[in-house]
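In what follows, structures are represented as structure tokens.
Each of the next two complexes has subunit A plus one more chain, namely subunit B in the first and subunit C in the second.
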Partner chain A sequence: MKILLVDDESELVSALAERLSFRGFDADWVCSGADAIDKVKENEYDLAVLDVKMPRMSGLELRAELNKIRSGMKYIFLSGHGSEDDYKAGAAEAECYLVKPVKIEELVEKINLALESE
Partner chain B sequence: MGASAPQKDRDGLCFFGQISAAISHDLKNVLAIINEDAGLLQDFSLMAAQGMELDPPRLVKLAEKIQGQVKRGDGIIKNMNRFAHSVDLPVCDVNFRELTGLVISLLTRIASRKCVTVTLKEGEQVNGKGDPFTIQMLIAKALEYSMDSAGRDGELDIELSSADGVNVLTISGLSEAIPEEQLAELESISVKAGGKPAYVPQDNILIFKF
Partner chain C sequence: MNIKGIFKPEFWDADAKSAGPYKQLFDYKRIWQLCIGILVAVSLVPILIMASIDFSVTRGAIISENTLEAARTTSNTRRSVSYFLEERKSALQLLVELHDFRSFHDREKLSQMLKSLKNSFGGFVDLGVINSKGKQVAYVGPYKLEGREYAGQDWFKQTVEQGIYISEVFLGFRDSPHIVIAVKHMLDETNNHFKILRATLDTRQFNGILSSLDLSAGEDVFLVNREGVLQTPSKWNGEIFSKVGFELPEKSFRTKVEEISYRKGDLAMVGYAYLKNTPFVLLYVKTEEEFMGGWQSSRDTVTWFTVVSIAVIILVMWAVASYLVDRIYMADMTRSKALQQMEHHNRMASIGRLAAGVAHEINNPLAIINEKAGLLKDLFTFSKAYEADDRLLGLVDSVIGSVERCGRITKRLLGFSRQTDMELRPVYPRKVIDTVLSFLDKEAEYRCIDIDVEVDEGIYEVVTDRGKLEQVLLNLINNAFQAMKDGGALLVRVERGDRQVLFSVKDNGCGIPESDLKRIFEPFYSTKKQSGGTGLGLSITYGLVQDLGGDMKVQSQLGKGTEFSFSLPVVPNMNGES
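And then the complex of A and B:
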């Protein structure tokens, strides 16, 4: 299972990618929407974990762009913000919405659930 | 008491809320990174218990990363504390350079979201009397509107100077004209802060005199 992690906090996504790799996931990470688009053009990912609030392109905007490139991808949104608007938008459009800091077990469970629903 | 008094209080409260929300977002990120780095240490420990060899330099690097995030969180909380205490006295001695630096730090996330770089130019200390909270609100609002005017990849420079007992704060690097209603709002806050704003469209600068 190939996963892409996108968050402007590089220390966060790099550690998360390593921890997911220990749990059997092939995880790549990038720090911007533009880099995520390049990665998805180059590779076939099953799922992307996207930060909701990023400079230049929000997680929701990025999801719309990635859908144009690969329509079958699943998404999980991460946010440190936890505002009601974000939650409503995320819950309505994403397979799942988690608020930082997340428990790795919970993220793994949500990834598996999202991929099982294919 | 007219209807404007509660509105005035609400403007300040909204500003306080906006800054507090940005701070909470930054702190959430700091905690999330510490959480993952601590999680990695836990993963390494569990793997070591199963026979995997530990890599001491890697552990040292991880510990340094956690310390770095604690330092980052401490800086955010110090700024938060200075901002929170700015409401203690309505009028007091004000260090405009220090106050401007604080507002720029507090707006880092907003600047990053709007893809604008804000630079406080080196210069003399500029001191005076004023209401620190209202002055911060004025600088923050002026910066936000200037960021919108500068647009993506814009660069704003802030200069502070003092001459003949008048303190001057100049924001340059604006691009599109600032809308009338925003200028009126800045004028209104500026009056409360004891200042006087001027917008020079042809030079793309916004000036406040205190």
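And then the complex of A and C:
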């Protein structure tokens, strides 16, 4: 399974990618929405894990852009903010919203659930 | 507003001090007193002034009218009595002038004269002639008085001195009331030789003048002598020859009317006149009851009407002022509550934004630590070199555990501050209570407070606003903690009621005095102002419960503890069996 991790915190996203790779996922990571778009244009990902709050382009905006490029991709949102907007976004996407810090087992479970829902 | 509300309105016990420098604007009792004062002054003063003027003018008119009537009656009667005496005196003088005095010694002629007097004037009883030595030398009449000596008597002396004499009413030798009229006739001025013609008058005819007057029950007319001794019968001023019960007015031959204190201090109107050349004083007495009776009756009616009107006006003004000031008070309270809730809402929103910012700032580094530690653990786990090193794995787990703990705290903080608008969702009472208690578990642990939670079976979900419910429970449990000493016991119960769920927070703390209980939910009412209490906590809690559609009560015993309980309605979504 090919997964793209997008978060403005490179320390976080790099570690997370490595941990997912230990669990059998092929995970790439980038630190901005623009980089993520480039990556998706170049590769076929099954799922993207997006940080909700990022500079220049939020996770929700990025999802809209990525959907234009490649439909059928699954998304999981991460947020450290827990703001009202985040919460509403999470409520709309109840199955794919996690608040940082997140347990790797929980993330893996969400990824599997999202992929199975296909 | 009920009757009790009129006499003790809601604002009566309101404390204006909490309004600080604007306390005068919120001193409802003073506003009420001012309203009553102004209304009473504006409405009652004109009524009282008008009543007083009417009282004075009417009384003056009645007194004036009665004075005039008394003067008229007195004057008319005086003329009648004077005429009676004058007429008889003149008749005697005429006899003396017309007849040779020797003929008075002729008994036949004297009898003829008496007969003529009786026929012409009436009232004459006898007729006698007294010589200058005071001896009655001739007499005709029913008594044997011829030869009687009068030289030493006062009437004889006065007749000699004044030429004419009219006596008071007296009994004399004959022992029946009579009046004597004597006329002196000089026979020889050089030798002072004179004779006196003396006639006795029957008082019946004299009295008849007065008794024939048309008087009411409260009027009396009678004659007294100059010493105030009754000369004629009186209705209620005593028997003849007794003294009247009041001082005679000042001497006046003109008719006068005075008000005097009469019989046990009652007022009476007295018309009087001293009859010239007689010892008599004519008195006309009219009691106050008689001349003011009609006025007193109408005065009493007007007084009653005025008193009842004033009582009704005061009652109505009282009720209107109480109602209006109470409305103002209630409006102020409602506005104040709305402002507090708005302030609370804004504060919670600010706290929410602050908490969200803090959470963001903390959660991201926490997430990095979490992932780095997780990666470290993964490396140890998936590497055969460290796979068996439990100590290293334990250290990493400890780091991850601490990160999770921090994460739970930030999540709790976010969850608690997130909701400011009402959002109804199914919530689990037990979970809400546990969340709230998790904020206080350290304090409970340090203070050895025993916390017990009892939830009735069958209560799984309540559809309500979780954030508001958490705030209500947190406020009540916080209050309970403050009321308890170390080692206290707290019981949080959730019971199933009829179409509602009942929450209660019971402590064994210091309790609340009964005087404070009824005001405990009022805004700004605090028993802890010395220690910085704002008096808003319970007011806001009460408002939150009302927002949730519930009701809140408190029971407390001083020294034994307090129980706050509130109910939340069971909405159709609630399904205790699900």
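Basically, the second predicted complex is superposed on the first by the 113 of 118 C-alpha atoms of A that agree within 3 Å, B and C clash if a C-alpha of one lies under 4 Å from a C-alpha of the other, contacts with A are read in each partner's own complex, and residues count from 1 in each chain.
The working rule: a contact is a pair of C-beta atoms (placed from the backbone, for glycine too) under 8 Å apart; a residue touches a chain by one contact, two chains touch by 3 or more.
Because the structure is predicted, anything quoted here is derived from the model rather than measured.
When the two structures are aligned on the shared chain, A:104 is found in touch with subunit B and with subunit C. When the two complexes are overlaid on their common chain A, residue A:12 makes contact with subunit B and with subunit C alike. Contacts of A:116 after superposition on the shared chain: neither subunit B nor subunit C is touched.
Touch criterion met: A:55 reaches subunit B, while subunit C stays clear of it. Of the two partner chains placed by superposition, A:42 touches none, neither subunit B nor subunit C. Subunit A residues in contact with subunit B (one complex) as well as with subunit C (other complex) are 9, 11-12, 15-16, 18-19, 22, 53, 80-83, 99-102, 104. Interface of subunit A with subunit C (complex): residues 9, 11-12, 15-16, 18-19, 22, 53, 78, 80-84, 87, 99-104.
The part of subunit C that touches subunit A in the complex is made up of residues 352, 356, 359-360, 363-364, 366-372, 374-375, 378, 382, 403-404, 406-407, 410-411, 414, 418.
Taken in their complex, subunit A has these residues touching subunit B: 8-9, 11-12, 15-16, 18-19, 22, 53, 55-56, 80-83, 99-102, 104.
For subunit B in complex with subunit A, the touching residues are 21, 24-26, 28-29, 31-37, 39-40, 43, 47, 65, 69, 112-113, 115, 152.
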